Amino acid sequence: MEDLQSLTDYRNIPIERVGISRLALPIMIREMAGGYQHVQAESSMFVEVPAAVRGTHMSRFVELLHEWTDKPVSSGDIEALLEQTRARAGSLSAEAELAFRYFISKTAPVSGRSGVVDYRCAFKGRVDARGYRFALSVQIPVTTLCPCSKAISDYGAHNQRTYVDVDIESLPGALVWIEDIVQMVEGEASCPVFSVLKREDEKWVTERAYDNPKFVEDLVRDLVLRISGHADIARLSVAAESLESIHNHSAHASTVIVLQSPAEVGAFTLNDLQAARS
Amino acid sequence: MEDLQSLTDYRNIPIERVGISRLALPIMIREMAGGYQHVQAESSMFVEVPAAVRGTHMSRFVELLHEWTDKPVSSGDIEALLEQTRARAGSLSAEAELAFRYFISKTAPVSGRSGVVDYRCAFKGRVDARGYRFALSVQIPVTTLCPCSKAISDYGAHNQRTYVDVDIESLPGALVWIEDIVQMVEGEASCPVFSVLKREDEKWVTERAYDNPKFVEDLVRDLVLRISGHADIARLSVAAESLESIHNHSAHASTVIVLQSPAEVGAFTLNDLQAARS
Amino acid sequence: MEDLQSLTDYRNIPIERVGISRLALPIMIREMAGGYQHVQAESSMFVEVPAAVRGTHMSRFVELLHEWTDKPVSSGDIEALLEQTRARAGSLSAEAELAFRYFISKTAPVSGRSGVVDYRCAFKGRVDARGYRFALSVQIPVTTLCPCSKAISDYGAHNQRTYVDVDIESLPGALVWIEDIVQMVEGEASCPVFSVLKREDEKWVTERAYDNPKFVEDLVRDLVLRISGHADIARLSVAAESLESIHNHSAHASTVIVLQSPAEVGAFTLNDLQAARS
Amino acid sequence: MEDLQSLTDYRNIPIERVGISRLALPIMIREMAGGYQHVQAESSMFVEVPAAVRGTHMSRFVELLHEWTDKPVSSGDIEALLEQTRARAGSLSAEAELAFRYFISKTAPVSGRSGVVDYRCAFKGRVDARGYRFALSVQIPVTTLCPCSKAISDYGAHNQRTYVDVDIESLPGALVWIEDIVQMVEGEASCPVFSVLKREDEKWVTERAYDNPKFVEDLVRDLVLRISGHADIARLSVAAESLESIHNHSAHASTVIVLQSPAEVGAFTLNDLQAARS
C-alpha cells in the first residue's frame, strides 16, 4: 500500500503542529495524599513536520496515547512519550496535552461534612531543541464579593461564582501538586466554594465572604504574591473571570509573571500551547 | 438522475421528524415598540415522513428557510411555511424552530444610563391534524438572593446570576411579546440584571436584591402566578437555574402549567419540540 | 436557626421539579464483560414540592448523591435513593439523572489493534405514584455515507460523522447494557468509528461505508427494527444527527416508539426528564 | 460615595488585562460588496492597570462599547476607542475584541441557487507603546477528502467537515476583507461547503472533493503559500481541524508565519489576545 504521508514535500514549508486532538482517554493521576485518581482526559498530541516531509502518521499518536489507558500519567511519562515520538518522527519538537476534571474532597467549615468538588485541569508538555518544559493548568471556582458594592450600600453586597485559571510552568525536576494550587487560590478568594453546606456552614461562608471582599484585580494580585512564593514555579499565569450577579457579562483580570531566569523559560510559553488547543 | 428519497419504503415505519438542524440564518424580529430587529437565528425544520416513503428532500427546507433571509418572521409566517411544506411533502405534520439572541435596551435604575441586555429566545411552530400551535421561549438572566443565607447570617447574603427559562404557548391568534415575558420575569426576581450600572445604580441593585430575597422555588411560584394572569397564554413552562455563588453546581426549580382548555392544547407539548432540538 | 424551606407556603402551587443540577461526581458503572468502570458523572436530583411547602433542603440531595462517590451505581441503586428521598421529602415524585462518558475497547477490523472509544451516556430514574421507571441514554458516533451522493456521482460519495442518540426505557427488572445498544447501532451504520486504524483498516472502513450507504432516515428505521427486537425494552427513542461534510448544518431524523403496554409506560416519558435536564 | 477602584495600591503588581468579557452587542460590519451587515458580537475590552492603582471602572468600558450599538465598526473605530480608553485610564496598553458570526451569500456550482453560509469571525485590536495593531480571525468550514483513504481503497474515500481558522495581522493602514480570506480558503480546500445544493450540485461537490484530496497538512501548506501572496498581511496563523468521519477525534495541523519585518510586528502576537479571550 502507498504511504503518502512519507513522501517528499516540495512546498518547502515546515508545519509547527501536526497531530490529533479531542481524543478521549481514561487515565490515572497521582494524588498528593498518595494513591491515584481515575480521570477522563481529552488528549492531543502534535509534532513539528519538517519542510521536506508531506505528513505524519497520526494513528501512531493514537496508539502511543493508548498505552496510558487506565495507567498513571505524570510529567515524566509525558517527557518520555514526547522524546520517543520526536525521535521516531524526525521532528524538531513534539507536544502533548491532557485536559481532565480532577476531584478533591473538601470539608464544610462548621459541620465538618465532606463532599467532592471538581476542578478542570490540564497537563501540557513540550520537547524541542531547548529541552523539556511542563505546564500545569488548574481552574478553581470560588466566591468573590464586590468591595465597591459593600462600601456604597447600606446593607448587602453582590457576590458570585468566579473561575480562577492558574497556569504554571515548574522548574525542571520539580513537582507542583494540583492540591497546592487549589489551596493557594481558595485561601485568597473571598470564600471557597463547597459541595456540601449545612445551615451552619452557609452562615459561615456568607459572613466570611462579606468580611473578605475582593475585586478580580485584588484576587489576581494576591495570587501573584502568594504563588510567587512557591520555590518550584518558573512562570505563572493567573486569570480571574467573575460571572457578575448584577450583569449578564463577566469581569476579568489576568496577568503573566516570569519568576525564574527568562533565559531558561522564556522561549517556551503557555500561550503557544493554548493557541494550538483552542 | 435518480431520486432515491422518493422511492417506496418497505420497512413500514413512519418517522416523526426528518429535516435539517443547526442552519444559521439572518432574519428580522418585530419589536414591541415598533420597528424590527436584525437577529441571527439557528434554525431547524422537520416533517413527518410517512411509512411508505423513503426520505425527504432536505435541500427544499434550506431553500424555504432562505426566503426569510433578512426579512421579518412572525408566528403567521411560520404557520404559512409549515402548511406549504406539509402539503408539498405529503406529511402529517411539520415543525420549525428559530433560536436567536434578542436585545432589549434597559435603563439603569438611578443614573438613567441605558444599555442593551441580550435574551436567548426561540420561536417554535407545529402544524398537524389538530391545526397550528406556536410557542415562544425566552431565557432571562436575573439576580437571586438566598432567603436562608440572609436569615441565618449576621450580615450579607449569597446571591448569584440565575437563568429563568419561560416557554409559553399562546392562544390561536394571540400575540405575546418577548418584552412582555422579560418584564414579568424581571419584576419577580430579587433584582433584574443590567449592562450599564454606575455607582449609584450598583448601590440600588445591591439593596434591592437584599430587600427581596427569593429561593428558586419562590421565583417559579411567583412567575406562575404572574404569567398565568396573561389572557393570551394557553400553556406555560417556567424553569429557574441558579448558578450558586457558594457551590460549583446549580439550584433548579421548574414546573409546567396548562392554563386553557386542555382539550385544545394538550396534544401538542413544548417538550416534543425541545426533545427534537436538543 | 430558622428553617425557611419548611415553612407553609400559601401560594398553593406545587412545583414539579426542585433540586440540584450540574453536580460533578465520580462513580462506577458495571461493565457487561464484568468488572466496573470509573466514570465522572454530571448529576441532578429533583423532587416534586407539594403546594403547601415552601421549599426543599437541597444540601440533603448533595449528601445523598455523595454516598455514591467512587461506588458502583445501578438502576436498583437509583430506585432505592429515589424512594428514600421521596419519603423523606413527603413528595409525590422524585427523579435523578447521571450523565457520563463511558469507554468501550474496540478492535480494528483488519489489523486487530485495539483502542477505546467514548460514548456519552445517561441513567435516568423516576419514582411516582405509578412506581419506578428507568431510562438509559447512549450517544454513538458512527459514519454515514450518503446514498444519493453515491448514486448520482461518477465516483466518490460524501460521508461524515453522525451522532446517534438512543434512549430506552427498560421493562421492570430487566437490564439492558450500554454495550448492547452500541453494538446494535454500530451494526446498522454505514460503518462504525474506531480510535486506532492502521492503513489496512482505513481501506476496510472506506470500502465498507461505500458498500453500505444510508440516509439518516434509513439509519433510524433500521435501528427501530433492530432495537425493537430486544425483549427487555418498553419504549424507544432514536435520533440521528449527521454533521454533513458538504454543508455547515446537520441532517436530522428522529422518532419515538412505544413497544410494550402503553398503559404501563405511557404516563412517564423520556421527554419529561430531558426537558428538566436541558 | 467611595471610589475604591481609584485608591493607591501598595502590592506593586501591574496587571496586564483588566476589564469586561462576554458582553453581547449588536453592531454593523462593512461588506466587501458595499453596504453593512448587522451582526451580534460578543465583546471584551481590557486595559493594563499600573502597579500603583487598585482597579479600573469597568462600567466605563460597557458604556464605551455601547456607543457602537447598531453602528458600523472598523479597525479605525477600534483604534480610536482604545487610544481614548488608554489615555483616560492612564494605562500602558488597551485591547478590545469583537467576535461575531458573519454571513456570505454563496451560489451553488451548477444550479446557481444561492444561500448564505455563516463564518465565525473576530476583530482584535491593541494599542501600546509600539502603536496600534489589528488582527482579523475567520473560521471557514470546508470539506476535506483523505488522500490516503483514496489511494489505498478500491472505491470511495473518507471525507468530512473541516474547520479552518485563519488569523491575520494586517499592515498599518491596510484593509483585508473577510470575503478575501474566505475565498482563498475555499479555493484551496478539497471542496467548499454550501447551504443550498440541488442534486446536480451534490454530484459536482462529491466529484470535486474526490478529484482534489488533501490532508490537513496539505491544506495548511497550500494556504500559507496562497495567503502569503497577499500584500497587506504582516503575520499569518493557519489551523485546520478535521472532524474525521472514521474517528471520534480530530486531525489537526497549524502554523504561524511572520511575513513582514519582524521588528515591526514581532512584539505583538495573536496569541496574546487569544489567551486573554479563552
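When the chains are written out, they are named A, B, C and D in that same order, and each has its own residue count from 1.
Note that in this section contacts are C-beta pairs under 8 Å (C-beta built on N, C-alpha and C of every residue); 3 or more make two chains touch, one makes a residue touch a chain.
Just so we're clear, the structure is a prediction, and the values are computed from it rather than from any experiment.
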If we look at subunit C and subunit D, which chains touch each of them? A, B
Between A-D and A-C, which chain pair is linked by more C-beta pairs in contact? A-D
Taking each chain's centre as the mean of its C-alpha atoms, which one ends up farthest from the centre of subunit B? A
Can you compute the centre-to-centre distance for subunit A and subunit C, using the mean CA position of each chain? Integer Å is fine. 30
For the pair subunit A and subunit B, the C-alpha centroid-to-centroid distance in angstrom is 36
What whole-number Å value describes the gap between the mean CA coordinates of subunit A and subunit D? 24
Residue numbers in subunit D touching 2 or more other chains? 1, 23-24, 62, 117-118, 148, 152, 195, 197, 199, 203, 248-249
Considering only which chains touch which, how would you classify the arrangement: line, ring, star, complete or other? complete
Subunit D partner, complex, touching residues on subunit C are 117-118, 141, 143, 145-146, 148-149, 152-161, 191, 193-195, 197, 199, 202-203, 205-207, 209-210, 243-249
Flag every residue of subunit C that touches subunit A in the complex, lowest number first. 1, 3, 23-26, 37-40, 59, 62-63, 66, 69, 101, 103, 113-118, 195-200, 203
Footprint of subunit B on subunit C - complex, ascending: 1-2, 4-5, 9, 11, 13-24, 44, 46, 49, 54-56, 58, 62, 147-148, 151-152, 215-218, 220-222, 224-225, 237, 239, 241, 248-256, 269-272, 274-276, 278
